[in-house]
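What follows is a pair of complexes built around subunit A, which joins subunit B in one and subunit C in the other.
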Partner chain A sequence: MNAAPRAPLWPGIVAAALVTAFAVAFMWAENEWEVVGVLAAALVAVLVARRTGWLAPAARAFEMREPAMNCVTIAALLVFVAFFHDDHFPLLMVGTVLVYFTVCLGLTIQFGYAGVLNFAAAAFLGTGCYTAAVLSAHTSLPHLLVLAAGGAVAALVGSILILPVLRTRGHYAAVVTIAFGLLFRTFLEVNDTLGGPQGLKLPSMNLLGMTFNDNFIVAGIEFSFYMHYVLAALALAVLAFAVTRRLERSWIGVSLDAIRLDETAAACFGIHLARWKIVAFTLGNFMAGAARALYALMLGFIAPTNFTFGDSLVMVSIILLGGIGNPWGAALAAALVVVLPEKLQLIQEYRFLLYAAMVILVLLYRPEGLLPRPLRNYLPGWRPR
Partner chain B sequence: MSAPVLALSGLTRHFGGLVALDALDMRVERGQIVGLIGPNGSGKTTSFNVLTGIYAASAGRAEFLGRDITNLRAQAVYEAGIARTFQRSRLCLPLSIFDNIMVGNHKRLARGLWFNLFRRAALRAQIEGAFEEARELVRVFDAPLADRMFDAVGALPMIDRRRIEICRALISRPQLLLLDEPSAGMTEEETRELMDDILEIRGRIEGLSIVIIEHEMGVIERITERCVVLNFGRKIAEGTYRQVAAERQVQEAYLGVE
Partner chain C sequence: MDAGLLAQFVANGLMLGMMYALVAVGFTLFFGVLDVIKFSHGDVLTVGAFTGYSTYLGLKLLGVANPWLQVAAVVIVACAAMALLGALIAKYIVMPLKGAPALNVLLITLMLGTVLRESVRLFYPDGANPKRFPRLLPTDAVALGSFNLRLDSVLLFLGGLAVIVAIHVLINRTKLGLAIRAVAQDEETAKTMGINFTLVVLVTFAIGSAAAAFAGVMNGLYYNEINFGMGLWLGVIGFSAAIVGGLGNIYGAILGGFLFAALQTVGAVALPFASAYKDVFAFAAVIAIMAWRPTGLIAERTSERV
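Showing the complex of A and B:
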């Protein structure tokens, strides 16, 4: 293989700018027809770009100039939130998408890499949230540690499931996790110390002396209090993304894939199945629990109805929709699944119908998801001589 | 003389009432290529599976370089220095050639979570080193294939998959290679090519011993120094190919008896 000339960065920047502009227009659109119009325009633009080959240079920039493009993506997101700096609703949406994205990165490690099905995501999300609620209400633990504790307890509760998950495969593992998810919700509903069906309230998040629930003013510009949470969620998402990426691009990523694809062959080459499944399951639950704990602090309220089987299913459908094992796919699908129903109030009532239809359509016409997972790119930009 | 690479004594495996492998005795000396032949269902693959820890032995003993490896876990057998291929190719089809070979390289790669996540510079050096080594190995089998290390295995024809499977088994430098019917699903021409490759690789790796399960008698005659014939799980003959082929019991096992 010859050393390819360095791929230019600008197509990636142009693509990011266009997507940002689209996102702003989409957020601005007030009535349903405008929303549908913007969506249709975006769809047409993507199809045309694909047909004319304009998409390829942008995709190449993302692939070959990854560190730079990651920064461009973060910058694009910051531009977007700066646009809506004093507007609660768009910021709430961005925060929600970032949290869902982080949760789905956890599921990607579990299901996308190690092949451990987890239909009890809501139970681990709930564990993270209730831990955060109790700790923030009854202790003076710094809130950063509260988030970490949420993740840690979620991972710990996950260890209850490890034995059954290790001993079952495929459908059986799915059934075990479904049962656990249902059990967890019932446990919340009958448990009066945790608020029972009424749930619990959470105080404002505090970090480094900042109270997150107050609007703030910088250089004479007023910012919505949600900005705090958006930035915190962004930090969390970036961290989770880095961990997921590094995991995939290491020997551990190879081992996890081998376990998912053929356990017998993996064992015959020295890969300890149980060890890596436990690592993946625990790490995934930690990320999910911590991220959802932040979301609980942002909303200020949690109840058992937030952690139903349907909520677990939404997370799994995001992964299927985006492309199993591709973090960017999870980001795109999380944005679609969270924002679309909010903007199209018409759909809101039929939300689960829409998810189901989307998943079925994707499985039929794009079985590998919107953004299929590419081959492992060990060292971005590296092409051996 | 030093301990044989492999010494099986009375190795047995039952499945319920069925005796799939019945008290197999067998020795493989260092550097030897031994053929394991017999009709379908005669226990050839079962012996590999018992040996590599996929099935537990019901009775008997297996020694590898003088060390007892009976009923070790599959992982431990690999660590000890035995690598295998499978009858039905068991590569990870969505993964690249390089990924697949690295699965086989597991014992020589860093496994720590900390190292893999946070020591990126050291990991990078390891990736580059392992890549060079894997590419060299693939080049022995097929030079054009070595330029496609980042192609998905699922897109390759059968013969290339077999090559990759053998590379996956060899990259960890095992002392003993178990080949389970490498010619399955290939044309005569392809089989001959693959056997050339196997002989070449044996010449390059000092002291590598091979046990090969085959149905193609031409292959057995050409590359093995000794063979063991199984029928209904039991050893019915042993010797050079010419010796065993001349035995009446062997002919009956293959051709049936009036």
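Showing the complex of A and C:
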């Protein structure tokens, strides 16, 4: 097969630059009206770009020149972070978005690829956090291992659910995970050894001799201490993204898609349903637990109220808003869901109401999400006609 | 254990079981006609309880002091309003998603539940705090040894029983019930037989939501307190009960409701050192039952069509 003409890279770079500029302006905006103005401008710009067809080349660049565009995206994020290098709040936001993104990548593997329902995300997030809290308080385990342990214990706790999840389908599977989520929250609240309703405190993260909770100075420029966490979260997110993407591209991804679309047909073709469902469920929980453990270290405090059923729902709404199965969609939706209520203090009180209304509208009028998952690209350069 | 205390536990368990069964019946009715899970059911219950409370306040302003009249008005207004709300939800939220993946329907109703819950919290006057629901029923008690049987509990239980029997009769003995069963069995055939599918669905949603409103008012009268979060918990338990019993089967839902209450009661009695863990125990038992009988105790009769 002849090599298809390579899509030009520059539309993607321009798009990334514009998004970064928008993000900087958005973070800079202080009062409500500026924020609303910037948002409205962005909305108009996106609509205009869609009408005039300017979005297509950028989307093509993202689709066809993926390795290059991934680097561009990371660079754009670093530029944004550099802009706010000594400002706590924007860095906290970026860290939060990155952690939510990583968690949602885990859920994408479960919901989007294997079709395994998981409405107990908060339970696995909580397991990761409490593991990290206990380990970092009572042992001198290096913190990188603490994160891995958080993920591992989340996956281990998830394995309790494997049998019921494998045996049930549809609504019945949903109730298993919902029941587990509620069970976990109740357990945390009545359990005194894990701090009960008061929760637990976590120490500062330590890595390679650096204490993460101190501001630091490089070449005469002072950086906020959140910069440590942002970089760590970025590393974690990049790792998780690479794993997710590789998984999707591989034969495992094809098997998972087959299982989601039609279990009976997949089984007829010799795909081991149980094995791949277990892999997807466990991997997803691991990623969620590890990422949230980092977030717990960043905030320094966890309590059962962080892990309610509502929190599980927020995670599911993110992947649904973004478009199930599309990691880029999850990134966009995570940014929207995390940052919007923080910037618009006016809607802070109403944020659950607004999330819920937003998801209802998306489900009614655009059920495939903001950035729908593109058709699987089996051959390099092949495009659906 | 002392017999009086045991009787107290049993009485309390029966009461809880009745409420759960009322909620679970709604879930199973909706699943029957439309094959969907309407997760906003619990929050419809909350709205129903708050509607009942507002009705009571309104009557007090109008100077109606007869408690029987007040109870009747509270129940009727709450049930009627929720029946309407249930039909509206079916028409504008659930029906448009007919044919969409089950996950989407589950999510949209979960989110609708959030909208209802948050609306009560934010827009009802002082909705974030629990409200004192009035004692409208006579509280005379008969002492049987160390066990106090209160008249209002008996009345509430009988009321719940009456609603369940009424739904049973409606489903099995009336023309409307025949239509509902026909739609549940096979939508297409039911349509060709001249059944108005949309109307049947709307009516079914109205009936289920009215039952939930009744459960909400019952909850308020029994515990004398309502809050905006009560429905979430009752909804999840009702859903679990319907699932444990087997979806689409009314008797399964009733069985599941009482079973869940029994599990909670047994959890509280058998684990005296840790009665705080009774919900943990109940949910763990639900998960175990699901692992044992993946489609509920009274299993759905389906076959895989490829």
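FYI, the second predicted complex is superposed on the first by the 374 of 385 C-alpha atoms of A that agree within 3 Å, B and C clash if a C-alpha of one lies under 4 Å from a C-alpha of the other, contacts with A are read in each partner's own complex, and residues count from 1 in each chain.
By definition in this document, contacts are C-beta pairs under 8 Å (C-beta built on N, C-alpha and C of every residue); 3 or more make two chains touch, one makes a residue touch a chain.
None of the values given here were measured: they were computed from a predicted structure.
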| item | value |
| --- | --- |
| Touched partner set for A:360, first subunit B, second subunit C, both or neither | second |
| Subunit B versus subunit C as contact partner of A:155, first or second or both or neither | neither |
| Superposed model, subunit A: greater residue contact from subunit B or subunit C | C |
| Touched partner set for A:293, first subunit B, second subunit C, both or neither | neither |
| Which of subunit B and subunit C A:77 touches, first, second, both or neither | neither |
| Partner chain in contact with A:247 - subunit B first, subunit C second, else both or neither | first |
| First, second, both or neither for A:264, with subunit B first and subunit C second | both |
| Which superposed partner A:320 touches (first subunit B, second subunit C, both, neither) | second |
| Footprint overlap on subunit A, where subunit B in one structure and subunit C in the other make contact | 264-265 |
| Touch list for subunit C against partner subunit A, complex | 31, 37, 93, 96-97, 100, 102-104, 106-108, 110-112, 114-115, 118-119, 122, 232, 236, 239-240, 243, 247, 274, 276-277, 279-280, 283-284, 286-288, 290-291, 294-296, 304, 306 |
| Subunit B partner contacts - residues on subunit A that touch it in the complex | 1, 243, 246-247, 250-252, 254-255, 257-258, 261-262, 264-272, 279, 375-376, 378-379, 384 |
| In the complex with subunit C, residue positions of subunit A that touch it | 111, 117, 161, 163-164, 167-172, 174-176, 178-180, 182-183, 186-187, 190, 264-265, 309-310, 313, 316-317, 320, 349-350, 352-353, 355-357, 359-360, 363-364, 367 |
| Contact set on subunit B toward subunit A in their complex | 52-54, 73-75, 77-79, 83-84, 86, 90-96, 99, 102-104, 106-107, 109-111, 113, 116-118, 120, 123-124, 126-128, 131-132, 135, 147, 149-150, 152, 168, 172 |
